[in-house]
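Structures incoming, each one as structure tokens.
Shared between the two complexes below is subunit A, which has subunit B as its partner in the first and subunit C in the second.
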Partner chain A sequence: MLEVKSLHVSYGGVQALTNVSVHVSKGEFVSLIGSNGAGKTTLLNSIMNIVGKQKGTAIFDGKDVTKFGTSQIVTSGMALVPEGRRVFSNMSVLENLEMGGFKRPAAEVKNKLEEIVKMFPVLGERGYQMAGMLSGGEQQMLAIGRALMSNPRILLMDEPSMGLAPLVIKEVYEKLKVLAESGLTILLVEQNASMALKYAQRGYVLENGRIIMQGKASELLGDNEVKRAYLGKEYKEKWER
Partner chain B sequence: MQFLYSGLTSGSVYGLVALGFNIIYNTTGIINFAQGEFVMIGGMLIYTLFAVMGLPFPIAFIGAVGGAFVMGILFEKVFIRLTKIKNELNLITVTIAASIIIRDLAMHFWGRDSLPVKEFIPVFNIQLPGGVMSSQSILVIAVSLFVAFGLNMFLKKSKYGKAMRASFDDPIAAETCGINVSNIRVMSFGVAALLGAVAGVIIAPIMFVTYDDGIMTGLKGFAAAILGGMGNFGAAIAGGLLLGILESFSASIIPSGLKDAVAFIVILIILFVKPDGLFGKKKVHRV
Partner chain C sequence: MGEIEVKYWQEEEERMPVAERKVFQLERLQTTVNRAYRKVDFYRKTFDELGLKPDVISELSDISKLPFTNKSDLRENYPYGMFAVPLRDIVRIHSSSGTTGKPTVVGYTKNDLDNWNNLVARVMTAGGVTKDDIVHISFTYGLFTGGFGLHYGAETIGASVIPVSSGNTQRQINIMQDYKSSTLVATPSYALHIAETMENMGIKKEELSLKYALLGSEPWGDKIRNEIQERLGVIASDNYGLSELMGPGISGECCAQDGLHINEDFFYPEIIDPLTLKPLPEGEYGELVLTTLKREGMPLLRYRTRDVTRIYREDCVCGRTLIKMEKPQGRTDDMLIINGVNVFPSQVEEALSKVQGVSPHYMIFVRKKGALDAMEIKVEVTENIFFDEMKKQRKLVDDLTSQFQKILLMKPKVTLVSSQTLERFEGKAKRVVDER
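Up next, the complex of A and B:
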């Protein structure tokens, strides 16, 4: 469904991604893990063309979207839940959702809105509140809801666990699981390797802008190298707390 | 009371100009020092369409503000779009250069003389508690408030108005929603020019129109925006009215030749004492 080939991205001479290739099949839940600064956000942003690509191609559903503008990419059926959620904090929850459906006809937006409020009841309860007043977890739900408003076939998720308490992280992942089971394709990037790999079918490991490992999520979870580099640290942090 | 009434009249014009400053500040983070030129353009266009060509006022009005809207869009597409490195300093410099070019062009088209525009409505005085107000002044205040209200409704209720607010709030998130933020920026220049032109049209019969009106009007609108606090539409109108009233009252204590200095004293006091403006929120840093 999504095929990213030999992607190179640099920020003014500083290479952030080198020869990154990632593919996601229809209906798959794929997680890409990597530590802070590995280039995860850069990967998603360059797929969406928020950040320019230096080299490489992105094919989505057989269409070459490499050079599409962001808004065109959204129309073609991809949506991004950005890092840090980035809800419109001075707009109401409902307005945020409405903006997510900016490219969609009004009637469809109305139906979609009902659907999303059913899925995330808290967004309905707080519909008229400013999004900036929501808790981190609620904002994450809102960011997901907003992305779903464009009726995407693939959802790109950037670091959904960032800054959230473990229980809330679990809640967010459970929602993603429901979405995946309903047939939505998901490409998720995370530092929180254990959660990301637990819910995914397949995974990649990104280090210093290169893919260094890939395979079944369960195999990566059991891999000694992954344990040492990505899971070990988390376990240690848990101990220290 | 009389001072209050005349202050409200000029103040509502400052308020409209301040709104224009705010819209562009919100979408681009810059102060558009050519904002005042659109007030002059509005006045000049109404002079040409209404006073010279004799078109019915409603048509001339639509022509003048519509013309300014298009010019605002062209302004963005030429001056802002072509600036290679869009940092704040460069963009502000470009707006200052553009304002001088617009002024010079206006001088060539319309000459150096002050041009009269006749009233659009019957002129009569209305007796109010403690003073009188002309029907003209009331029209100015009413139109300004109506336009400010209309802008508010546009931003709150319409799809494109909401997209504009989303783009103010977080341009990158707006892009991910499929909103083309650079189109929104173009539109914001059009809307700001339109607001300026409305101010220019309604004030034209009260003050003559001169090619260099834009400097003073622009700076006073800027002072009103600073006084209210940048980035806040309600505060822009309030800042405008307050500045108009201050100016008007000051005329009773200082020589009238110094009236224009009030706006600059206000800018200085605000920047020294309360840089976020009277009603401003703490600035959020843009990424």
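Up next, the complex of A and C:
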């Protein structure tokens, strides 16, 4: 469904991504893990063309979207939930959701809104509150809801667990699971490797802007290298203990 | 209750549309190159010396820009120099015998072993094995990858595995008879030896329960296959592997018995001209070169197998979309170039097997005749024919010459010699004398 091929991105002379290829098939939940500064956000931003691509291609549903503008990409069926939520704090929850559907006809927005409120009841309960008043977890739900307003076929998620308590993280992921089961395709990037891989079918490991591992999520979860680097498991040689 | 026929082990991978598989292949190739460069000193040095960057792979065809890996590289980095993970992540070590030099060592991580098991399970499933089979393994266990590779592949399928290992053929036959082994895993020559021993013991194939034979680790042709199938009452399939790359499980035959499907989602195959080292198009004969795509413990880039074959894509009746290779014809180490034509001693053997009245003992002589090369093949005949009339001898020479011409695509001089006159060899035979 989405195929990013041999992508190179640089910012002000610094190479952020080198020869990165990832793909997500229809209905798949794919996680890309990596530490801070590995280039995860850059990858999503360059797919959405928020930052430019130096080299490489992006094919979405058979269409070459490499050079599409961001709004054109959204119209073609992709939506991004940015890192740190980025909800409009001074607007109400409902207004935030409406913003997500601003390129859609009014009737469709109304239907979609009802659908999303049904899925995230808390957004309905707090509909008229300012988004800035919501808790972190609620803001994350709002950010997801806002992205869904454009009726995407693929959802790009940037660091959904950032700054959230473990219980809330689980709640967010459970929602993503429900969305995935309903047929939504998901590409997620995360530092929190254990959650990201637990819910995904496949995964990639990004390090210094390069993919250095990939495979089934279960395969990566069990890998010693991933455990050491991303799951915080301490490994010492026998003579060091 | 009817039996459920299992045709594939990992159907999604084995029947994936070729274009979709290519997406995985490119991603895995890029990842493998990144890992090899970062984690293996040998590759980092080689890349740096060549001024190559690991991001040289934008398309699959860019693989031709990568350097080759030779067996000598593995020897020079003996024992652990080619490993891409710390030793504590290695859970199994195999090694070559080291009879022709320093041994080569291979290491497997946990994931490598899981993958290996599944790849062998694919090949065995393609050869007919199911969880209901009783698998008799007469490969040597130990450092050699064959025994353990097939053993765990069969266990992964859920078959009952009898790890007999090699030796004591009479006992092996008794075990097969008593334990009702339904699948034999062996070298083709050992399978034939079992058949001969059974005859000597007066045991008929009907007294055994054998249905399948998975044979490999040495070159063999259809003549031997038919004989094994006939004498043991089995369906015999070929499988191919190389210890340096993993062991068995690289490719195997399906029910069509027409080419070996390469597990190309794990091993990227290329065919190169062994002289110019340039890649050859699909379908042409040359040396098989393999790149590991998912191996963690010891990634190998463009490993020169020295095996001569061709790879080709065709719609297979079995439904697999995996590319096929022919049974290897021989090794590039043994290849002779005579007036620009590649000749393998194995082709001479093949020609001999098609003519009655000659023994399998032969010698090849290559000399200069003016500017050209001349090839002479001396062949031992069985005694009764040699002392027979001239006419029969003439006919034999003509038959041999036309067989050679058909198979070697050139006309050698054929000389008949009486039996027991050619040199005999203990161990590896030296059948070529190149006097050029």
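List of remarks:
Throughout what follows, the second predicted complex is superposed on the first by the 232 of 241 C-alpha atoms of A that agree within 3 Å, B and C clash if a C-alpha of one lies under 4 Å from a C-alpha of the other, contacts with A are read in each partner's own complex, and residues count from 1 in each chain.
Please note the rule applied: a contact is a pair of C-beta atoms (placed from the backbone, for glycine too) under 8 Å apart; a residue touches a chain by one contact, two chains touch by 3 or more.
Only a predicted model underlies this, so the values are computations on that prediction, with no experimental measurement involved.
After superposition onto subunit A, the partners subunit B and subunit C occupy separate space and fit alongside each other. Once the two complexes are overlaid on the shared chain, A:S135 sits clear of subunit B and of subunit C alike. Residue contacts after overlaying the shared chain place A:R210 against subunit C, while subunit B stays out of touching range.
By the touch criterion stated above, A:V74 is placed in contact with subunit B alone, subunit C being left untouched. Figure note: vertex subunit A, arms to subunit B and subunit C, all at CA centres after fitting on chain A; angle 150 degrees, rounded to a multiple of 10.
Once chain A of one complex is fitted onto chain A of the other, the partner contacts of A:H23 are limited to subunit C, with no touch recorded for subunit B. Looking at the shared chain after the overlay, A:N111 reaches neither subunit B nor subunit C. Of the two partner chains, subunit C is the only one that A:N224 touches; subunit B does not reach it. Between subunit B and subunit C, the shortest distance over C-alpha atoms in the superposed arrangement works out to 28 Å. Across the interface of their complex, subunit A is touched by residues 159, 162-163, 165-166, 168-170, 172-180 of subunit B. Across the complex, subunit C is touched by residues 3, 5-6, 8, 18-19, 21-23, 25, 55-56, 210-215, 219, 222-225, 235, 237-238 of subunit A. Residues 20, 23, 26-28, 30-31, 34-35, 38, 54-55, 57-59, 85, 88-89, 109-111, 114, 294, 296 of subunit C are the ones that touch subunit A when the two sit in their complex.
Those residues of subunit A lying in contact with subunit B across their complex are 48, 50, 69-71, 74-75, 79-80, 82, 86-91, 95, 98-100, 102-103, 146-147, 149-150.
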